[in-house]
Structure formats: structure tokens, C-alpha cells
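Shared between the two complexes below is subunit A, which has subunit B as its partner in the first and subunit C in the second.
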Partner chain A sequence: MALTFDYQGGIYPPERKSRSSQASLQYAPLPARVTLPLRQHSGRPATACVTPGQHVQVGTLIARRDGLISADVHASISGTVTQVSEHAIQIESDNLDTRQPLAPLDWRETDALTLLARLDESGVVGLGGAGFPTQVKARVIERHAIDTLIINAAECEPYITADDITLQRYPGEVLEGAQLMASLCGAGQIVIGIEDNKPEAIAALKQAITQSRPAPITLGVIPIRYPSGSEKLLIKTLLNRTVPSLGLPADVGVLCHNPGTLLAALQAVRDGQPLVQRVVTLTGEAISRPGNYWVRLGTPIDELLAYAGLERSRLDKVVQGGPMMGSTLETLSAPATKTTNCLIAATQSELPPAPPASPCIRCGACENVCPVQLLPQQLHWYARAQEDDKLERYHLFDCIECGACSYVCPSHIPLVDDYREAKSRLRHQRIEAAKADHAKHRFEFRQARLAREEAEKQARRHARQAQNRPGAASSTEATAAPQADLRSLRIAQTAAKAAVRKAEKVLAREAQQAPNESHEDLEMQLATARENLKAADLQLAQARQSASAPEESP
Partner chain B sequence: MSMLHASQATDAPVSMTSTSPTAPLMRWVMAATLPGIIAMTAWFGLGVLSNIVLAAAFGLLLESVVLRLRKRPVVPALNDSSALLTGVLLGASLPPASPWWLIGVGMVAAVVIAKQLYGGLGHNPFNPAMVGYALLLVSFPAYMTLWAPPQPLISDTLWAQIMGTLPATQIDALSGATPLDAFKQKADGLSAAQFWASDPLPAGTLNAWRMISLAWLAGGILLLAKRIISWHIPAALLGSMLILAALFHLLDADQFASPTLHLLTGATLFGAFFIATDPVSAATSRRGKLLYGAGIGILIVVIRNLGGYPDAVAFGVLLMNLCVPLIDLYTVPRPQGHYRGVP
Partner chain C sequence: MSDAVSLWGIISAIGILTGLGVGFGALLGAVSERFKGDAHPLVDQIDALLPQTQCGQCGYPGCRPYAEAINEGDALNKCPPGGDATIQALADLLGREAEPLDGDAPEENRVAFIREAECIGCTKCIQACPVDAIIGAAKQMHTVIEDECTGCDLCVDPCPVDCIDMRPRSAPLTQWQPVMPFTASVITSDRSPAGGN
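Moving on, here comes the complex of A and B:
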């Protein structure tokens, strides 16, 4: 694509990608033990469905999704479950690596519902970082018209090369995955957004594009600049569409996927392989064999780093994610999860601690680099002073936390930390303010659950009666269930269905906007709507049965 | 959470913004004052340097005393060079060879009252140097409004002037007026042409002021080139000043000075590049900076032409400092994703 559109701001940090991008993709050794957290995705943690001592194979479901925004977790090695705790499941390997795949599907021959169910039961989530459940994102077609699927391969953060290597090794499969997801969301075209510092990946894609069917694919090579890979900026750059403030890409007809996610989606469908491994960039000056590795989920990070040649004496800190938006790891015994895209074992001189901050003199360097045109210097002032109405006025919640402002600040002020703190304080205030509502929603859920249980009881009693005294039952019930009643029940059931859809829509939206927040209240409202629907279904089925019974034996 | 920082990322292949920690920033500004200071010294003698040295010394001294009283770390604050810069700027604004106590009073107003009492660097709503200057101007007009004519590097009375021991009669004898002042004070019936024909200023005065203004302009261009300041404030200030001065001049050329006289003989260029651009007390968004600069330019012309003072950069800057919170509030840029007309 010749034409790319510009956005203001952005920075050019050192890339530091060459160390890990030169080595070929390797398989990390099979770990002797894995620890699989129940929460490796945005939303609620999954619920464990195995017990200690149980034997599992690669791909065995070990924890089920709970609520809408959640994802299944599968065993990533074969062996024995040794521990099931509140947060994680531990598996000891039997070194056999036997697999329990799902049935392979040909996505071109399979209906959408089956494909969505497959993504769901494979535990596929976004591998770019946030870990948003892919099946929820794929179901966007129920709510929005999508015309373009974007493959977000910009990978603009320094150090990370996982997408680059994935595209070099599996260009055809990534595009096949993109075709699959495009057909699911109804997108008529696919656009690849990739920074021009990945010539090998670009060459591989050019080759693969010619064979990819049916949606036409355009390759959008964009100049390097951080943070071009930020979803909204990439959409602006490639399509010149502006996603509204606090809105979603779907609002302008776009869906973005990371290449790794597309590969995982294809493997889940074509090979029946649930998400049990991912590509992780291991890099940093403190390791001697940097590169990209296929890593089984749950592998301890210290094992991975040791395999890549960690020199402990030189190690200063390990950063998970990129140096701009990632976080420093507290402990190296933590496992690699679905959202671990990069581990940087940095030396002291490589990522030195920031010098002490000095006062802001409003020089405006931050304003010049802010990619969403905020005034970081003013936000800083009001965040420190906790002037909440001013924070809203200066659009705090439009901040994408890219860290460009902190990067250039001559006073070394940790600006993004300030904004995150202010955001979470404001969110907390909102939750506090809505506490009464939450209590009401909990009460409503309880009522709905009781009503559903009552309806089930009645259904069972009715079934028993019908079995024991077929003739008598039908004659008495027939008068009690006139046609009008059936009609109102049908209306009630339709309304309950609509309520579920609405609750799903609201939750999916909110969760996609803020994938790292808790959306407990909305999950509760969705559960309430589902209970109501179940009750309505039962009542309707029962009334239908009674209504049809007299006709059969008049 | 950014763990990379521009000042430390030395392997950066390209750097769009030439960023630097606060202290080098201030030092670059001081370096950019050199052409102006050298030009002033060349025409007005060592009295210019004595002003600057004394003011800078007072600045450092007062800053460290107040920081100690406020129980704040002294060394990092002195290292940021902001007090030094305030001293240089105030020193360059004062008439050459001002008495030491005058400079001291001005620096107390600038550093202690305008800066530290408001919370130190980054918290002062008013430009410290201009607070000092304005206080001196209204308190000691005799010393502040009379500039000596161009003179040799070392004058006979230099030491006595600095020590403040020169008798008042001799001060009057020594002093002249700035071109703007002289034009303002001209007799009512006199036309502009007649005024200039009468040779109202000591030889070389007009030329000296022009050269000094151009030297400040050179320093300002250095600041722009190093991206220490953005173009918005100087451009808006000079633009609005020139337009308004031209309008006045067209209205009555005999009463109101020409735009070039406004531009080249007062503190206009010094103010536009070195005073109005102080980021702490200026408006902050790009649109806000344009408004702020334009406001100063308008005030300079209005006060010079209609008010009681021959020069007005200090008052223009201080009055617009007052407006900064309001300007900032109404010039918040529209972030990406916000559409026009939707709040």
C-alpha cells in the first residue's frame, strides 16, 4: 500500500531487535513441571476442573471459562496434576508428551457457530499482550458490521520480535488464520500493518499473499515510529479512520488481530490443537543465546532464561513485555503465560534506573510526542493535585499509556505511573459510587436464580405427574394453560433472550475497552439475564407441552 | 512505566526530539544570551557585565538560603541553573552599572517572592525576572528609566555607580534616554520627521540599540534551532506587535512610533525570545502559546503608545501570566478520537 496516513507525535526509541531477530525460531525444552495460572487472559479466572493425581495429556481441558470474558485453560504437557490451588494448576511431566487433540476441522466447510465454539473450547486469546478472548472478539459480527480485518504486525516496541519471527516462519498459516477470522466477522478485506524494519517478514508475506484466498490482502508497510502498533493509531495510519474516543475499532468497521493469535486460531481449528504454547522473545544483554522460542505455557521463566544462557552475575532485572509498556518481574519462578510475548533479561547499563525526577517546567516535550494529542504536562499537574474534574477535562481516559511522554521528559518524571494511578483512583471512585447498584444487581441475580430453580422444580414435578397419571394430568392442566398464557410466555422468553444479548453486548464492549479491569458487575448482570432466560425457557416448554397434550388425547 | 529514557538511550539511531535534562536546557538558554550580552557590553560598557554577575550571584545565594529554610535539598536545585538564569535575565534588563542594592532588591523579589514562595521551580505563576524588574521599575523609577548613552568599556564612574556612592546630580548628568523613551517624551507640536532631524539622542544610540536587538534575535534563533523553545510564542508576539504598531503608526505617524522602532530599539526581541518563552509561566498548549504571545505583543504596543511607560515587555508578560490559567483551560487540544463539536 503506497498511501499511509500520518498521526502526530510518537518517538524513535532504540530498536534493539537485532539480537533476537537474527536467530531462527527454536523449541524450548519440554519443562519437567508447569504451573498454569487460572487467569492468563482478561476477565474472570477459569474454574479448575481437574483434581490432584489426575492424569492429563497435552490439550486436556483443566479449567473451564467462567462468565463471558474468560477463557479455557488446557494442560500444556502430559503427566499428572500435582496441585490445584485457587490461582493455578501444577502438572508434573511424564516426559511422554502424548496429545489429546480435538477433531480437525476444515474452516471453509464448517459453519460459523461450530468455529466459534472451537475457538472457545481451545482457549484462544489475543497473544499481543492483553489476552482478550478471541471468540468474544470474533462474535463482534452480532453487534457491528465489520469490513476490514487488520493484522497488527507493527510490533513497534523495542526488543520484541515474536511477531516478526512468526511471520517469517509461518506467513501462509498466519494469512490462512486471517482468512478464517475475516470470514467469521464478515470482513471483505484484510490489511497487514507492518513496520519497515522487518524486511524478511515483508518478503515472506509478499510471497504468501499471492496464494491466499478468498479475501483480498493488502500489505501496509509503515515507517518505524513508536507507538504505531497501538490499535487506534494503526487504524488511522492504514485506513485513515478515526476510532472515537473510548470507542472500539469495531465502531469504524475494523477488527485487529495479532499474527500469533491468528496462527493459534488456525491451529485450533485446522489441527484441533488448543492454545498450549506460544512464541516468546527471550532477549537482553544478560543472556547469551537470545532469540525466539516456542514455549509451553506454564514453563518457569528462570528455566527459559537459563536455557537461553542467562548470566546471573550480569542480570539486573527481568522485564516482561516491552521496555516501554512492560513491567519488571518480582520473581523469576513465575511461569510464562498466554500473554508473555517477551522477556528481557537486562543488565544494569542496558535499562538503567531512571535518575531522580526534578520538577516539571512545562517545557512541552511530552506534548510534542503524545500520539493522541493530550497535554501530559497538565495531566501530570492535576494528577498530582488529585483535581479530578480537571483530569476529565484534559481527557485522562484517552491516554493509551504508551510511555512516549515519560521517555522524552527532561525532568525524568514517571508520567505514565501518575496517570495509571489517577485512572485507577477514578475507577475506584466510580465503583464506590455504584455500590448500591451492585448490591441491587446481586439481589436481582439471587432472585433470578431462585426463580429458575423454582421453574426447574415445577418442570420436574410436571414431568412426574405426566408420567404417573397421563390422562388425569392432561385434562386438569389443559384448562389451566389457555392459549393466551402461552403467548405471553413466548413474549417473555423473547424478551429474556434480548436481555441476554444486550447484557453480552455491554459486557463485551466494556471488557474490550479496558481489558485489564474487572467487570464483575456486568458479568453478574449477564448471569442474571441468563438465569431469567433459562426460567422462561422452562416455563414455555412446560406450557407448550400442556397445551399440546389435550390435543393428542381429546 | 517506560524503562527506556531518551537521555539514556544512547544507541538511538534517530532522535526526533533533541531532548535533554532540565539543567542543560537552562544552560542552552544562557548560552543563547551571550550574543546579546556581548553586544550590550560592547556598547554600554562593563556595567552590563557587573549587573549580570551581581544578579546571578544574588540568585544563587538567595535560592540556597530559601531552600535551606524550606528544608529542601540545595545542591540539585542549584544544579538546575534556574536561579542563575533568572539572574542573567534580570541583570541584562537593568540599566548598565546599576547599584548593587538595586540588583539585590530585584533578585529578592524575583527568586524569593516570585519563585520560592510559590513553591520553587515549576510552580511560579509569574516570570520571576519580570517580577523583579517590575518591582524595581515602580519603586525606583529614577534608576530604572535612565540609560547612559553608549560609552567606553570602562567608564570613570563605573565603580562608584555599582557601589551606589555616586551623587544624584552626577547620575542625572550621566544618563540619557532610550530611543523609545525619547520619542515618547518629545514636544507635543513636533512631527516625527522634525524630531529625528533634531538629533535627539547622543551619537550612536540608535545604532547601538539596533545592533543589540539583532544580537538578541541571533540568540533567539539559536534557541529555535536547538528546539529549546517553540516558534509559537515569539512569532505570535512579534506578529501581533508589528501589526498593531503599524496600525497606530498609520493612524498618526507623528504621535506613535513606527513598527521598526518598536521592534529594534526596545526590549522587544529580548522579551520575545528569552522572557515570554519561559515555559513555567507561559500558556502550555500550542494554541494557548499563540494566544499568550499575541496578548503580550498587543499589551506591549498599547502600554508603550497609550500608557505611561516607554517600554512594556515586563508588564505585558506579567499581565499575560495572569491570563495563563484561563488560556490553558480554553485551549485544551482535541485528542484523537474526539470529533469537532462533541465535548
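Moving on, here comes the complex of A and C:
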């Protein structure tokens, strides 16, 4: 593809990819024990469905997806389940590595629903880092028309080479996986976005493209710059489409997938192999055999690093993910999960700790590098002052947390930490607000129910009295049943009717727009309106009766 | 002559201006009738700021009645579950002075828990709960739906066998919030040397 479009900002940190990209892809040894967290994806944790003592094989389902956005978890080794806790499942290996695959499918011959179900039951999630369930992403066509599938092979963060090696090793299979996903979401073309520092992968892809059918594939080689692999920027660069603020790529007809995810999706369909292993880059100056490894999910990280030749005396810290967006691990006994794409065992001199932060000097360096044109220093100021409305106005939620601003800040302010903190605070506030709203609706429902019950009781009492002492009932009541009262009750009843109609309309509209979501709150409001209507009906009927009663009785 | 002209001018000016006034008044009236909002927009706004715990500690039977009372001029500082944040938000909304909280702010987010073995199934707590968060039937053991409970305390007193506790609410891990140590000075000015806090 000749044409690529530019975006503003971005930085050029040292790449440091050569150490891990030179070695060929290897298999890490089978671990003796794995710990599989129930939450290795975005969304809700899966629910364990095995018990300690149970025997499992590679690919046995051990935890089921819970809710819409969640993913299944499968055993990554064969052996015995030793522990099932709230957060993770532990399996002790029997060293046999027996497998329990699903039935292989030919995706060209299989209907979309079966394929989606297969992706679902294979626990495939985005392997680029966010871990969004792939089947949920594929279902986006229920609401958006997709025309382009982008293979996001930019891999712009320093150190990481997992996608590079995957493409060098399995170019045909990645493209086949892309064809599969493209046909699932109805995309007519596939575009590969890859940075020009991966010549071997580009050569391998060029060759594989000629044999890939049916969707046409274009190769978009883009110049290196961080963070061009961010979805929105890649879409801008390759297609010159701008994803709206707070929007999704699907809003402009695009889906992005990482090469590793496409490979996993193909393996799940073609070979019936659930997601039990992934490619992890092991690198950093504190290990002597850096490279890319096929790693069983749940393998302890210290075991992996030890296998890659960790020199503990030189080790300063281990970073999971890239140096820009990743996080330093607190403990090395943590397991590798579906979202572990890279482990950097860094020495002190390699990734030195940030010097203490000093106040902002308003130099504007951060603004110049922000790839989404935010004002990082303003955001920093408002985040610390907790001026929440300003944060929203300055588009805090468009920040992709790329860290470019912290990288260039001469005052060494950990700007991204501020944004993360502010985002989580705002999200928390939204949850609280939704909860308060819900409590309010429940309260209103209860009030309405009590009113209806009271009206029913009144009606019953009235009927009883009328039966027992005909004529007397009305005379004990306010005999001059005021017409004005009747009128206001009629108005109340009409208003209640209108409220029911309005609630029904709102519910119907929402149910149509988002059929898969729960509308419990709206249903509650409708029920409240109905209760109110019932109470109004009863009161009106009763008032009418007592108004007409005096005339009948002599 | 000039007097007559100016008199005529004054009269016509008064006439035109009166006409304009009446015309625009009618227009405004019609527009406000046409685009009439909800019956009590301010009460709704106040209600939206209250925590909806429905506990009655403000002296009103629920948050909405308190919102109505505030609209009529009642003090802003009567809602302990909302605490200072709510008072501040109300003061901002209404342009009134924020006052210190009248009462003790709850120290933590709590939820009711029924010791089910001891419950005699009297349904007294069900009648007390403002949000229908307790399920159970007469002479059956009762239990609290944690997600629906607002932690208002109202079910504790009516229980004849004291089997309801208020316990700290367990927050899901996904809602964990980082705690950040912030330095006081954010932006350096020429009055404070760079690097100094």
C-alpha cells in the first residue's frame, strides 16, 4: 500500500527488539504445575467448574464464562486439579500431556453461528494485551456494518517481538485466521498494518498473501513510531478514517485483530484446540537466552525466566508487557496468562527508576507528543485537583495511556498514573451513581406497591361495609363526596395512564436498541407506573361509588 | 409645533414599546407553555444528588421528600450517608452556603446480613426495608440481596431476635481504586523554585 496517512505526535524510544527477534521460536518446557486465574480477559471472571482431585487433560474446560463479556478457561496441562480458589485454579501435571481436543471444523463449510460458538467454547481472547473476548468482538456485526479487517502487526512498543516472530513462522495461518474472521464479520478486505522494522515478517507475508483467498489483502508498511500500533491511530494511518471520541473502531466499519489472536482463532476452529498456550517474548539484559517461546498458560513466570537463563544477581525488576504501557511485577511467582505478551527481566541500568517528580514547568513537551491531541498538563492539573467536570471536558477518556507524555516530561511527572487514577475514580463514581438510581427506582416501586395495597384494602373495606349495612356506609363516609375530589382523581388516573404508556415506550425502544442487555431498571419503572395506575383506578372507582351512593340511598 | 411633534413622538414611542412588551410577553408565555419541562426540575436535580439510601436519617421518609424539603428551604446538612461531598454538591447547585454535617458520617459502606439460623421468619424486616432488598415469607428464613441493599439500617431495629448485622460491604476486585500520594504543588511558578515542593 503506497498511501499511508499521518497523525501528529508520537515518540521514538529505543527499540531494543534485536535481542529477542534473532532467536527462533521455541517451546518452553512443560511446567510441573500451572495456576490459571479465572480472570485472564477483560470482563467478568469465569466460574470454576472443576473440583480439587478431578483429573483434567489439555483442553478440558475448567471454568465457564460468566455473563456476556467473559471467556472460558481451559486446562493447559494434563494432570490433577489441586486447588480451586476464588481467583484461580491450580493443576499438578502428570507429565503425560494428553489432550482433549474439540472436533476439527472446516470454516469455509461451517455456518457463522457454529463458528462463533466454537470461538466462545475455545476461550479465545485478544492476545495483544487487552484480552477482549474474540467471539464478542465478532458479534459486533449485530450492531455495526464492518467492511475492513485490520491485522494489527505494528507492534510499536520496544522489546516486544511476539507478533513479529508469529508472522515469520506462521504467515499463512495468520492470514487464514484473518480470512476466517473477515468472513465472520462480513469484511470485504483485509489490511495488514506493520512497522518497517520487521523485514523478515514483511517478506513472509508478501509471499503468503498471493495464496490467501477469498478477501483481498493489502500490506500497509508504516514507518516506526510509538504508539502507531494503537487501534485508532492505525486506522487513521492505514485507512484515513477517524474513530470518534469515545467511539470504537466498529463505528467506522473496522475490526482490528492481533496476529496471535488470529492464529489462536484458526487453531480453535481448524484443529479444535482451545486457547491453552501463547507466544511470549522473554527478553531483557538479565537473561542470557532471550527469545520467543510457546508458553502454556499458567506457567509460573520465575520458571520461564529461569529457563531463559535468568541471572538473579543482575535482575532489578521484571516488567510484564512493554516498557511503555506494561507494569512492574510485584512477585515472580505469578503465572503467565492469556494477556502476557512480553516479560522483560531488566537490569538496573537498562530501565532505571524514574527520578523523583518535580512540578510542571509548562514546557508543553507533552502536548507535542500526545498522539490523540490531548492537553496532558491540563489533565494532570485537573486530575490532581479532582476537578471532574473539567477532566471530562478535556477528554480524559480518550487518553490511550500510551505514556508518551510521561516519557518526554522533563519534570519526570508520572502523568499516566494520574490519568489512570482519575479514570478509575470517575468510573467508580458512575457505578455509584447507577446504583443510587437503581435504589431510587426500587424505593419508588415499593411506594407504589404500598399505595396500591392500601387502595385495595380500602376498596375491600368499603365493599364489606356496603354489604353489611347498606346505606350506612356512604353516610359515615364524607357524604358530600366532593366533585372536585373526583375530578382530581380522574386527572391522577389519566396521568398514571400516560406514565405507563411512556414507560412502555422507553422500555420497548431500549429493548430494540440493545436486545442483549438487561433492562431491569426500566422494567422496574414500568412496574412502578402500573402499580400507580392500579391504585389510581381503585381510588377513582371507590370515589365514584361513594359519590353515586347517596343518590341511590333514600 | 415642536412641542406637539414631541408629544406625538412620546405617545407613539409609548405605544410601540407597550405593543412590543405585550407581543414578546405573549410569545415568551407561549414558548414556556410549549416547552414546559418536568413539574419540579429543581427537586429532581436535588434528588439526583442525594445518595438514595432511603434511610430516613434526615427526618423525612426517603430521599425524595428531603429533596422537596430542601427546595422549600430546609437545611442542606441533614443527610449523613451523603456526607460532606453531598452537602458541597447541593450548595453548589443551589448557590447556598455549605454547612458542616448535622450528625455522624458513616465510616464505611455497609450492607445488612441476616444470621439465617436465628431468623424466625417474622417478616418485620421486610416491612421496614425501603427498597425491597429482603426476601422471605412468613415463618420462613429471610435473607438480604446484597446488591440491592443500600445499607440504611432500618431493618436492624425491628428485628425481634436481633439477628441482623450491618457488615462492611465487600467490593469486587474490579472496582479496586489505586491510592495515590499527591504532592501539594502541581505547577511551578516563578514564586516557588522549580524542584521544591
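Rule of thumb we're sticking to: the second predicted complex is superposed on the first by the 436 of 554 C-alpha atoms of A that agree within 3 Å, B and C clash if a C-alpha of one lies under 4 Å from a C-alpha of the other, contacts with A are read in each partner's own complex, and residues count from 1 in each chain.
Note that contacts are C-beta pairs under 8 Å (C-beta built on N, C-alpha and C of every residue); 3 or more make two chains touch, one makes a residue touch a chain.
These numbers come from a predicted model, not from an experiment.
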Which of subunit B and subunit C A:440 touches, first, second, both or neither: second
Touched partner set for A:417, first subunit B, second subunit C, both or neither: both
First (subunit B), second (subunit C), both or neither touched by A:451: neither
More subunit A residues in contact - subunit B or subunit C: B
Subunit B versus subunit C as contact partner of A:384, first or second or both or neither: second
Touching partner for A:328 - first (subunit B), second (subunit C), both, neither: first
Touched partner set for A:352, first subunit B, second subunit C, both or neither: first
Which of subunit B and subunit C A:362 touches, first, second, both or neither: both
Partner chain(s) touched by A:30 [first = subunit B, second = subunit C, both, neither]: neither
Contacts of A:428 with subunit B and subunit C, given as first, second, both or neither: second
Where subunit A meets both subunit C and subunit B, residue numbers: 358-362, 377, 411, 417, 420
Subunit A residues touching subunit B - in the complex, by the definition given at the top: 7, 10-16, 158, 232-233, 236, 242-247, 319, 323-328, 346, 351-352, 354-356, 358-365, 367-369, 371-375, 377-378, 393-395, 398, 401, 403-404, 406-412, 414, 416-417, 420
Contact set on subunit A toward subunit C in their complex: 39, 44, 87, 357-362, 377, 380-381, 384-385, 411, 417-418, 420-421, 424-425, 428, 431, 436-440, 442-447
For the subunit B and subunit A complex, residues of the former touching the latter: 1-9, 11-17, 19-22, 25, 76, 80, 82, 120-123, 230, 279-280, 282, 284-286, 328-329, 332-339
Subunit A-touching residues of subunit C, taken from the complex the two chains share: 47, 50-54, 62-64, 130-133, 148, 150, 173-178, 180, 182-183, 185-188, 192, 194-195, 197
